[in-house]
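Next up: some structures, all given as structure tokens.
One chain, chain A, appears in both complexes that follow, with chain B as partner in the first and chain C in the second.
Let's look at the complex of A and B:
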């Protein structure tokens, strides 16, 4: 019995720790080998350790933290606005057949103009200011949240609606206190997808018309052929994206723990 | 008619329901009301902003955008769309093929899977859009860099579905296969490959919009051909109607692609309930 469990623990150790570490080593070795074998210049592909030192150097500069702050500020502003608006519109569309019929064609046709296509227009409208990016993130997040909320509300267990009606709840009470609550977990997973899209929309918007932020930092680095900074910036963008996603998952787990 | 109204009159509850149903307008009427209201709001806003925009007409009305769209369509819309679709098509097919092959490999050989899937999981949160500057350094502004980006975007989406599809073969099917004494190759052909391909099909639909979004960003940054290059060109001449017309082209192309793929999907997997368009 104990032999079987220790064998099981060994397998877990192998699969969770040894093999992934091996994979990471293989990747880094292949990277290093490519650089040495083809004697690639640093401009094309810096070796791994150099990217690591670049990353550490970046952490020490104020400009880097300013870029991170600007990008996060743009993201947070647009995300909050987009989520709130999207949930309200999605809930209204889910509750009323008339609102749904009126809004669906407009929402569906705008939804196909992906947020990235709006970037040049937001530059014309708002210049390189932060407002343009906030609007863009809000737009990106709004449609994801509208659709997610609408689907979640429509999939609420019909018995709950009947119980609420029987208890004599008013329509808006039923919407907010029954439907919204029952739909909350699905809406939360929509909010996670929206965060990933919104974060990358910030980065993309910063490529094209901006004077600050992480996206601006790495396009600038690319133009001056500082490839190490480009890769370090990509790593930071990925880490922040993963962190935001984990934060929202944690929030929805702890806040919605009662169900 | 008379019996219906008599029945409706019989119970008050039913009468209300009947009255409601009669008053409810058909969906298309309400839908067009929505579109008309949106257009009216757009026109009103454009009138309101017409005076104060300075040199740039910041919000042209729908008519101006439509005129611009027609003008663009009569000039080089088709060549631009073709260039964008070429990038998309090559990148998307490469991404789907690579993801299917590597997914099967990593899914069926657990040792390989445990070794390399964590790396893929670590790369996944770095959206392909974050790779744009690096691809400019590596490949310059040509076709290769954009194909690389689209392929990467599609690969990172589809690989998850491919691995899922080939590891989650239903138990009863696997038992049936071993009961029938299938060889490893037969089992692969009849069981694993179809299961994986069905998941890959779903994944490649999700990847459709991820790939299309990447094409847009790649063309905006490395603006040498395609719809994105045109969008940047008209933006730099402050031609707002043309910018909006080009955005509409992006939307229409994405919509058509989604529709075509839905048809293909319904044809290939008739047993699956039809999913409505997932744009993001």
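Let's look at the complex of A and C:
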């Protein structure tokens, strides 16, 4: 019994800690080997340890945290707006045949214009302000959420609708308390995918036209050939994206799962 | 306001009397992409107050349409459905309970919440809903599973909750859409017995759709046999107490009569 459980613990340790660390080490070793083998100058590709020290230095500067703050602010503003609007529109499309008929051509044509295609226009309209990024993120997230919500609502088990009607629920009660709630786990997985897309949109928009944020910090560093800062910034972007995704996954697991 | 004055407050007390349900020359058709499909052609029968009428017929003959008509969810193309002599329109019959082939429990709610939500929706206060729900959950033998989620129940248990949810509404009209069709044969027999005992307590008017003729004989006071689509009533077969004894010759005769009416010869069609 205790042998089995200690074997179980060993397996968890191996799968959760040892093997992932091994993967990271292989990546870092390949990076270091590339730098050493080709004797690359620091401007082209700095070795991992130097990026690590740059990262630690960055953590000590207010400018870095301001950049993180700006990017997260743009992301959060656009994400919340996009998710709320997308869920409302998706639910309305799922509930009403008329709304579905009106909205489907709009949604189906616009959602294939990737958010990045809008960047020149958002720069033209909003300049390098934060508003442009927020709009862009909201746009990116909105279509993912609309489609995810519509599909999720349409896939709700038909018996639940009949039960809601039998119990005497009004149409809006049925929509919100039964359809939306039953669809919530699928909507949440859509929200997770939308978060990744939204975060990518923020950084891409900042690369092209901005005066603040992580993307701006990176392009700025690249222009002054501070390659260590560029790579450190990229790592931070990756970490924040993973953290946001994990947070949403955790929320949906703990709040929405059907036990 | 004194909650104790409300009828819903005394679930175990005197039964709510059932009302009369009448189908009067109902014709109905569905528009599909392939054109119009006529499902019901002049269907008439009555379900007297507090009685159980089982509807049997080939699949796709419009049995479930009858339930939708009785609930006021479907308006017939012609003819009239009446509840207590008044025409049924959407939302008229607020004394309705219904159980389905799939239990249709809300998976994010506990057993207790699933039974209580209907009472809350129909205006019972929180305390009343809680008490009535608990009582009906106990009636179907699931008191220990009050706080379980539907995913933790077996198929038979989930179906019991679905029936408790319908009965907790104290329906005067109970509509059953093949509620025992999806459970295993042994569980089905047990559920049928339990259901019969519950009906004896509450005496609603019951319209029970099934494709299981033995179930119709066991539960029904009368069997309405429907034809292929477009469906008409082929025959109304009364069922007596004696007919329900599975070991009796009367049961065998009733079974043979009903099956024959459905086009299944009693010799099983052997050569």
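Throughout what follows, the second predicted complex is superposed on the first by the 233 of 259 C-alpha atoms of A that agree within 3 Å, B and C clash if a C-alpha of one lies under 4 Å from a C-alpha of the other, contacts with A are read in each partner's own complex, and residues count from 1 in each chain.
Everything below uses one rule, namely that a residue touches a chain if its C-beta (ideal position, glycine included) is under 8 Å from a C-beta of that chain, and two chains touch if they have at least 3 such contacts.
All of these numbers come straight from a predicted model, not from anything done at the bench.
Participant: Give one of first, second, both or neither to describe whether A:154 is in contact with chain B, with chain C, with both, or with none.
Facilitator: After superposing on A, A:154 lies clear of both chain B and chain C.
Participant: Between chain B and chain C, whom does A:252 touch in the aligned arrangement: first, second, both, or neither?
Facilitator: neither
Participant: Between chain B (first) and chain C (second), which, if any, makes contact with A:128: first, second, both or neither?
Facilitator: In the superposition, A:128 contacts neither chain B nor chain C.
Participant: Look at A:189 in the shared chain and tell me whether it touches chain B only, chain C only, both, or neither; answer first, second, both or neither.
Facilitator: In the superposition, A:189 touches no partner, neither chain B nor chain C.
Participant: Touch check for A:173: first (chain B), second (chain C), both, or neither?
Facilitator: The answer is second: A:173 touches chain C but not chain B.
Participant: Per the overlay, which chain contacts more chain A residues, chain B or chain C?
Facilitator: Result: the larger residue contact count on chain A belongs to B.
Participant: Quick check on the superposed pair: does A:102 touch chain B, chain C, both, or neither? Answer first, second, both or neither.
Facilitator: first
Participant: Between chain B (first) and chain C (second), which does A:144 come into contact with in this model arrangement: first, second, both, or neither?
Facilitator: After superposing on A, A:144 lies in contact with chain B but is clear of chain C.
Participant: Let me check the overlay on chain A: which residues of chain A are in contact with chain B and also with chain C?
Facilitator: No residue of chain A touches both chain B and chain C.
Participant: Which stretch or stretches of chain B touch chain A in the complex?
Facilitator: Per the stated touch rule, the residues are 24-25, 27, 30-35, 37-38, 56, 58, 110-111, 114-116, 118-119, 122-123, 125-127, 129-134, 136-138, 209, 212-213, 216-217, 220-221, 231-232, 235, 238, 240, 243-244, 246-248, 250-252, 254-255, 258, 277, 279-280.
Participant: Quick one: in the complex, what on chain C touches chain A?
Facilitator: For this pair, the touching residues of chain C are 71, 73, 94, 96-98, 100-104, 106-108, 117-118, 121-122, 149-152, 165-166, 169.
Participant: Can you check the complex and tell me which residues of chain A touch chain B?
Facilitator: Those in contact with chain B are residues 14-16, 19-20, 22-24, 26-27, 43-45, 97-98, 101-106, 108-121, 123-125, 140, 143-144, 147, 193, 196-197, 200, 203-204, 207-208, 218-219, 221-222, 225, 227, 230-231, 233-235, 237-239, 241-242, 245.
Participant: Can you name the residues of chain A that touch chain C in the complex?
Facilitator: Interface residues on chain A, with respect to chain C: 157, 159-160, 162-163, 165-169, 173, 178, 181-182, 184, 256, 258-259.
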